[in-house]
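My questions all concern the structure below.
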Amino acid sequence: MIRAAVYGAAGYGGAELLRLLLLHPDLEVRQATSRDPGRAVDQVHPGLRGLTDLVLEPSDPEVLAPELDAIFLALPHGESAAVVPRILARCPGARVYDLAQDFRTGHEAEGWVYGFPELNRDALGEATRVACPGCFATAILLATVPAIACGDVPLRVIVDAKTGSSGSGSTPSAGTHHPARAATHRAYKVFGHQHETEIAAVWERLTAGNAPPLSLVPQSTPLVRGIYACCYVIHAAPPTDPAAWYRRFYAPSPFVRLVEEPPNVLNVRGTNNADLYVRQDGPVTLVIAAIDNLVRGAAGQAVQCLNLGFGMPEDRGLRLPALVP
Amino acid sequence: MIRAAVYGAAGYGGAELLRLLLLHPDLEVRQATSRDPGRAVDQVHPGLRGLTDLVLEPSDPEVLAPELDAIFLALPHGESAAVVPRILARCPGARVYDLAQDFRTGHEAEGWVYGFPELNRDALGEATRVACPGCFATAILLATVPAIACGDVPLRVIVDAKTGSSGSGSTPSAGTHHPARAATHRAYKVFGHQHETEIAAVWERLTAGNAPPLSLVPQSTPLVRGIYACCYVIHAAPPTDPAAWYRRFYAPSPFVRLVEEPPNVLNVRGTNNADLYVRQDGPVTLVIAAIDNLVRGAAGQAVQCLNLGFGMPEDRGLRLPALVP
Amino acid sequence: MIRAAVYGAAGYGGAELLRLLLLHPDLEVRQATSRDPGRAVDQVHPGLRGLTDLVLEPSDPEVLAPELDAIFLALPHGESAAVVPRILARCPGARVYDLAQDFRTGHEAEGWVYGFPELNRDALGEATRVACPGCFATAILLATVPAIACGDVPLRVIVDAKTGSSGSGSTPSAGTHHPARAATHRAYKVFGHQHETEIAAVWERLTAGNAPPLSLVPQSTPLVRGIYACCYVIHAAPPTDPAAWYRRFYAPSPFVRLVEEPPNVLNVRGTNNADLYVRQDGPVTLVIAAIDNLVRGAAGQAVQCLNLGFGMPEDRGLRLPALVP
Amino acid sequence: MIRAAVYGAAGYGGAELLRLLLLHPDLEVRQATSRDPGRAVDQVHPGLRGLTDLVLEPSDPEVLAPELDAIFLALPHGESAAVVPRILARCPGARVYDLAQDFRTGHEAEGWVYGFPELNRDALGEATRVACPGCFATAILLATVPAIACGDVPLRVIVDAKTGSSGSGSTPSAGTHHPARAATHRAYKVFGHQHETEIAAVWERLTAGNAPPLSLVPQSTPLVRGIYACCYVIHAAPPTDPAAWYRRFYAPSPFVRLVEEPPNVLNVRGTNNADLYVRQDGPVTLVIAAIDNLVRGAAGQAVQCLNLGFGMPEDRGLRLPALVP
């Protein structure tokens, strides 16, 4: 049994990690931490009752058991960078899976691997420090990597990406205030979302520094869970059978399904699955990716990386049904 | 033209007052204030664009024009009490309509009238200081006053009352965080809601101090607008035709409709209407009241009181269609 | 391994049965039927992909394998009665779990047991024909059986019960049309819901024919999943510590949790759990029950009955986390 | 007073026409028809109570008063074509405003004018037969006409357009079943929506037959009201200040607002306003249009056309506040 801890377990990312890890057949959650410790986990997350007797411990590396095999971090962006060195000093044998953006780009020299399994499967088998992609980045990379990697480099990629409110985390804010959000559709951070950096980093690697420009328009919807990324890949000339790139690229990937009808984000809710849809209109290849931002875009992808890291099948403990309706 | 001001115009109550007052044919909104002044009203409330050029002024009585005829206050509970004396000193000729709970009970000696028009129509014609009822209190009083006033005093009244999220105001909080609220149904303040006091005060008056006990169970729903109060009035013996009490009591009331089918809160959205449904099951008389908490439960009722105070028809400027669907 | 079939697998009840049964460690789903057969199960229910290769067969008893051990029926009300004799003739060794209302009352002589495990645990161990309770009945019985069974017989029980839209099934109708339902709160079948019969039947048994009158007011909310039943049990005199009745009655029940704060229906979403809250106000005992109508109110309860019938722990395969948020 | 009738008044388009027309100061609704006649209008549309005593008449041209000045048709697509000749024969002096798609393209020779006021203002002043645009077409034309008309002809236009459920009308269907729609985001009719034809017809006219190709991806969201069209206009070279085209083109248009921040569809709910946002990213010009599909995308636009046709200010009776939140 893999001995694991969730560091920062009170938010949505932490809750989702616990939901998945408590059901994982080869892993035992030994510890869960919070900056507001002392409460039972199933008091903070009543949906987990009957599954755990854990009590939240302080988010202090000193409380971690040195023999831990795996530590998941679900901290606000910016907090992981400060605490990871102390965690690694305390638990030198542990593999670390970080959900924040702190180590996603520019930290390869320190041994960090970008936790995008469909592209980095081999590296993740060896990795002891894994920086898990952001939710938008996950959806957009799933939708674009085959086109970037397999065909001519596109002239440009336009991404019209919609997200549910849980992607903003568990802290209330004006943008997630229920009266304001319930009947809203609104773009934000137009052409300036922070996930552009990690997407570009992958694309640069795949094109030897020749990545196409990205025009990203994120949008808030009344969904709670889900990302629906419509990616318009524009080539100089109509490509020949782009869907074939996707079939080939994702043949070994248990979580990616190429669908014949446009996907519905409801059908992946609660799962690590990604539904992809590919359609061509002359030089424009539309690829739609539908994922659950908290699972495939966060906690589930981290568990998928852990499975690879511990030599298990990629989908161990992650073959979950969606909650529909 | 009545010269009016909205004091505290940036929140939901203030926005709704402006929505109604800007359309009122006999009134002109001269001023609107906020603790965060300087912005155009239609920038803070983009839904009002094309209807006003007002700019928010500071919430300081000194900015008010002394010749104002009517001042509406839409401040957080507790703030009205401090500022009203200064406002009255500044604008001695103005009638004041306060949406907060500060003056609803215990301030009759200072001249405050409870702004429940269906009961206090005559007093409101004279009143210069009006304390408008809370949203739950409005729905529950509409549903129970005829039974309390017309029949034998009931043994007890049980109220199962549901509210949309806008009733909590425009400040984000854990209970109105979209991911948490969107699929929620949850009771709160069981047998202990602050509106019980003002309901009891009315009932005591109607029964000469012999009011029945009230068991009130407020509940949060995923609605944005709306209160749906199911009131179970329990008599010692089955009353004879309680629906007749309601037909008689509300005969002169343009906003109250007695419906034959159970009401749907959607059908009063955006309006000052109250749909009431009366059904008897032995000694239990069920009365359901459906209102829009921001209109009939707040801003619209205040305008209704103003209409009475200025000698206009009660529904002047308030004959609005609901927004359906 | 228990060999099971789902008869009528294309609707919401059938989908939920499959979601639970496909994860059950001691059971294998051998067959699934539909009146529109020929499609893969995971095409009809895309949320189940990766979990099953089943193809829908015709809903004809002749297609069932005679050696089946358990058959679940998820048919429209009225259709079970016609087909069950033919199913039993075809599969004489199978236990039958029916989700419709056809056999819930008046069929005890034919061997039907009412599938309410917390009350009928022993009988369900022997039962080969189980009529599973309706969703409202489940919530209301969970909330009232201890009060009916343990204390003096109440004078009356008032139930204010709210349901999500999935309780109406997968067939579109005016009441579940999205534009009409999304901002709705509306009562229906006031004092006349069909579940009153099965509730009364249980109460009559517990009181030796002296059951209290029930005033039931069902209500439609914008929830998709969930029942939130507020039950007001009215005694002649204030009972002494009614919460103790509930603690005692549900001590052996793994799915019932007595909560200190009012429950939130979101916290049981996707699970077989029931959260109960007990509060007293003089002679009125409020008991709130929050359940997921498709799990505890339908498919999950049926699996719970099967577990008892096959000598397994009641919660075998049913210890599920809620999907929150 | 203009004497008007609404033909087909029981659906969402008819209800919205009535909501607007009953408030119009220069128009009187004389008749309203339905294929299910005999009921009071405010019984079918309870949100209109207090505003009208009309009773639905049969949808038969013979019931129309010959002296009507204006007739609005809100029939299912395909039904207008059959009935319009009979209506015109019955009421030869009436101007006709049709909300269906029957006459939008290919009927210019019969005198039909496309009811898009910002482009056809002069023609609408004379028109007696007006075919009002579809909701998607309205949003997309508002967002693209200035770019098509003012700059070089683009290479291509990609439109990622989202719609609320009310756009599907008042008849229940699988796609608008509440449990299925409430947490859905799903594309449909990809590259094949029926509104492409009317958009192309306008573009062809503006470019003398040289219109750019359109790649349109319609999407269903959990909104009830609203269209949010993100239009990516791709030029061969980065255009110079495309926002200036929009400022110039819409200078005389009271309903179009160019906003500095990305629009929120909530802020136009219930109004005839269109919020437009223009941003450039090299050769890509993003234009977002946010409208209410039932007002600006249907009934409101028809009233706007009527105002022009009867020589009134374009916004007569249409200066409405949005319902927020």
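Just so it is clear, A, B, C and D label the chains in written order, and each chain counts residues from 1 on its own.
One rule holds for everything that comes next: contacts are C-beta pairs under 8 Å (C-beta built on N, C-alpha and C of every residue); 3 or more make two chains touch, one makes a residue touch a chain.
Bear in mind the structure is a predicted one, so any value in this text is a computation, not a measurement.
Chemist: Along the graph of touching chains, what's the shortest path length in steps from chain A to chain C?
Modeler: The fewest steps needed to get from chain A to chain C is 1.
Chemist: Taking each chain's centre as the mean of its CA atoms, which one is farthest from the centre of chain A?
Modeler: Of all chains, B has its centre farthest from that of chain A.
Chemist: Can you compute the centre-to-centre distance for chain A and chain D, using the mean CA position of each chain? Integer Å is fine.
Modeler: One centre to the other, that is 40 Å.
Chemist: What whole-number Å value describes the gap between the mean CA coordinates of chain A and chain B?
Modeler: Here the centre of chain B sits 46 Å away from the centre of chain A.
Chemist: Distance between chain B and chain D based on Cα centroids, please, to the nearest Å.
Modeler: Their C-alpha centroids are separated by 35 Å.
Chemist: What parts of chain A, by residue number, touch at least two of the other chains?
Modeler: 12, 166, 179-180, 182-183, 222, 224-225, 264, 266, 269, 325
Chemist: Chain C touches which residues of chain B in the complex?
Modeler: Per the stated touch rule, the residues are 156, 158, 160, 162, 179-180, 182-188, 190-191, 213, 215, 217, 219, 221-226, 228, 230, 232, 234, 262-266, 269, 277, 279, 281-284, 286, 288, 290, 325.
Chemist: So in the complex, the part of chain B that touches chain A is made up of which residues?
Modeler: For chain B paired with chain A, touching residues are 12, 164-166, 170-174, 176-183, 222, 224.
Chemist: So in the complex, the part of chain C that touches chain A is made up of which residues?
Modeler: Its residues touching chain A are 12, 15, 19, 22-23, 45-51, 166, 224-225, 254, 257, 259, 264, 266-271, 273, 275, 315, 319, 321-325.
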